[in-house]
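The structure follows.
When the chains are written out, they are named A, B, C and D in that same order, and each has its own residue count from 1.
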Amino acid sequence: MGGLVNAAPAGTIEDRIRLSPFHTWLDLRVLEADASQLRLRATWREEWSNGDSRHSTHGGIVAALLDLAADWAIACAGGQTAPTLDFAVQYLRAAKPGDLVVVGRVLKLGRSVTFAEAEVLDSDGETVAVGRGTYASFTKAAG
Amino acid sequence: MGGLVNAAPAGTIEDRIRLSPFHTWLDLRVLEADASQLRLRATWREEWSNGDSRHSTHGGIVAALLDLAADWAIACAGGQTAPTLDFAVQYLRAAKPGDLVVVGRVLKLGRSVTFAEAEVLDSDGETVAVGRGTYASFTKAAG
Amino acid sequence: MGGLVNAAPAGTIEDRIRLSPFHTWLDLRVLEADASQLRLRATWREEWSNGDSRHSTHGGIVAALLDLAADWAIACAGGQTAPTLDFAVQYLRAAKPGDLVVVGRVLKLGRSVTFAEAEVLDSDGETVAVGRGTYASFTKAAG
Amino acid sequence: MGGLVNAAPAGTIEDRIRLSPFHTWLDLRVLEADASQLRLRATWREEWSNGDSRHSTHGGIVAALLDLAADWAIACAGGQTAPTLDFAVQYLRAAKPGDLVVVGRVLKLGRSVTFAEAEVLDSDGETVAVGRGTYASFTKAAG
């Protein structure tokens, strides 16, 4: 694991992330958190299923993971989490049932607007989806 | 309510939508379903919260609603639900706690690719977010 | 034509738009400009062609028209043109050779960020492409 | 430069790219073309200017470069150029006057749909904008 944010243990950023009931429901765990990237694991649960015969994970779960990982990567890079202005997702392949890992990275940290991106990997390490968002770092509102 | 899909009761499309455990968790209900648009209501639950002081609904929930409503609007327009290739969301304002309504519409129904869009409204009828997606209607895989 | 911006003749907004050499090259003409929407015509030129056998207009031209019409619709709605933070385009069908009309509209005018959208129509009035962008209205820089 | 496409000289892919009058107008030159990426240079011209005091290059030009580089990277990776279904751009900073380099890469080459991305760099080597698109490789139509 790289240099931790503010020399604080990984648990600290995890604790902050898990203040959101949705993040707790996703059972997000911090695998790695430094200024260059944030790596989270989300624990599969049956409610993720999109109902197809393969029990693929719903694209909405994947999109949520991308957005939140990009947003919290901003916090790890020295910014603060911020409301998402917009987000674009490309779904490269279906996400089969199982835990997902999502890696967030900042593209450009700005005073007023920050661009960040993320990638979701399934339990085989295959990239399931990628996404990029624009975040309103000019405001104090929580993300 | 407009002409129902296949002259079937609204319950039928609702039943199909709720085959997905994620959709059941969102407690999706069909308010209106015809060839021109699909209107769904999702029932607020505490796990939706992003953890800010206003208990706003997490953007990931909003994105999921947009994507699934656009996808199922395709089914209502005579196509079939299909894997999302990509999706773009604009968050116009925070979604305060409460049930959300999402309206999906087809932009262009194609044999191989369909474009669709959706809009999420909060309990005051304000537009919270809009989104557009591209769907792979050339495949038989479920969405 | 609706109420003109600042009760000024359409030529005024057209003059401002045409200060950009790229806009002059596109030969943009204002067809309609009020607070609710901006309608522009761009004059076809051979350099627009993507080189296919149908001489379709290049998607890059279409994307540029969408972005600039959305941006200048902000000016018409009482804001100012502003740098585009990001933009997403859906190409519904090929744009055959000929002049194009683009209609821009504001989705939400904000002090710091404005969301706007646009649609490009070909000479048959068919929608060729749609797009949405996020604009940094917090800055004074030109778009 | 890596292994060239089909063991043909770089001029070949450049010749194909320049069949489009718009690409000739952009004066596109192939700097590098192999299966992993395509690197092009576009030659600045005054018509690119957005008309601001810094004579920044218009975002529409930048968007066009991103889209076409991603598309032609597909050709370099063994696919064929294909119509863009949709494209999303993030503008990280203004593009000052001068030639631009654009680098395209395939994210996932599919039989029916291909995802690709690109990045535009200014003459200082700074990333001006990034973009991702979805391409309809199932059709024979030119891009």
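Worth pointing out:
Criterion: a residue touches a chain if its C-beta (ideal position, glycine included) is under 8 Å from a C-beta of that chain, and two chains touch if they have at least 3 such contacts.
Quick caveat, the model's predicted, so the values are computed rather than measured.
Under the touch definition stated at the top, chain C and chain D share these contacting partners: A, B.
Interface matching across B-D, A-B or C-D places the copy of A-C, with more than half of contact pairs shared by residue number, at B-D.
A separation of 34 Å divides the Cα centre of chain B from that of chain D.
Per-chain CA centroids place chain A at a distance of 22 Å from chain B. With centres defined as mean CA coordinates, chain C is found 29 Å away from chain B. Counting partner chains per residue, chain D has residues 85-86, 88, 90, 115, 132, 134 touching two or more of them.
Every residue of chain B that touches chain A in the complex is listed here, in rising order: 19-25, 46-53, 56, 58-61, 63-65, 67-68, 83-91, 94, 141-143. Listed in rising order, the residues of chain D touching chain A in the complex are 88, 90, 92-93, 107-108, 115, 127, 130, 132, 134. Listing the residues of chain C that touch chain A in their complex gives 85-86, 88, 112-113, 115, 132, 134, 136, 138-139.
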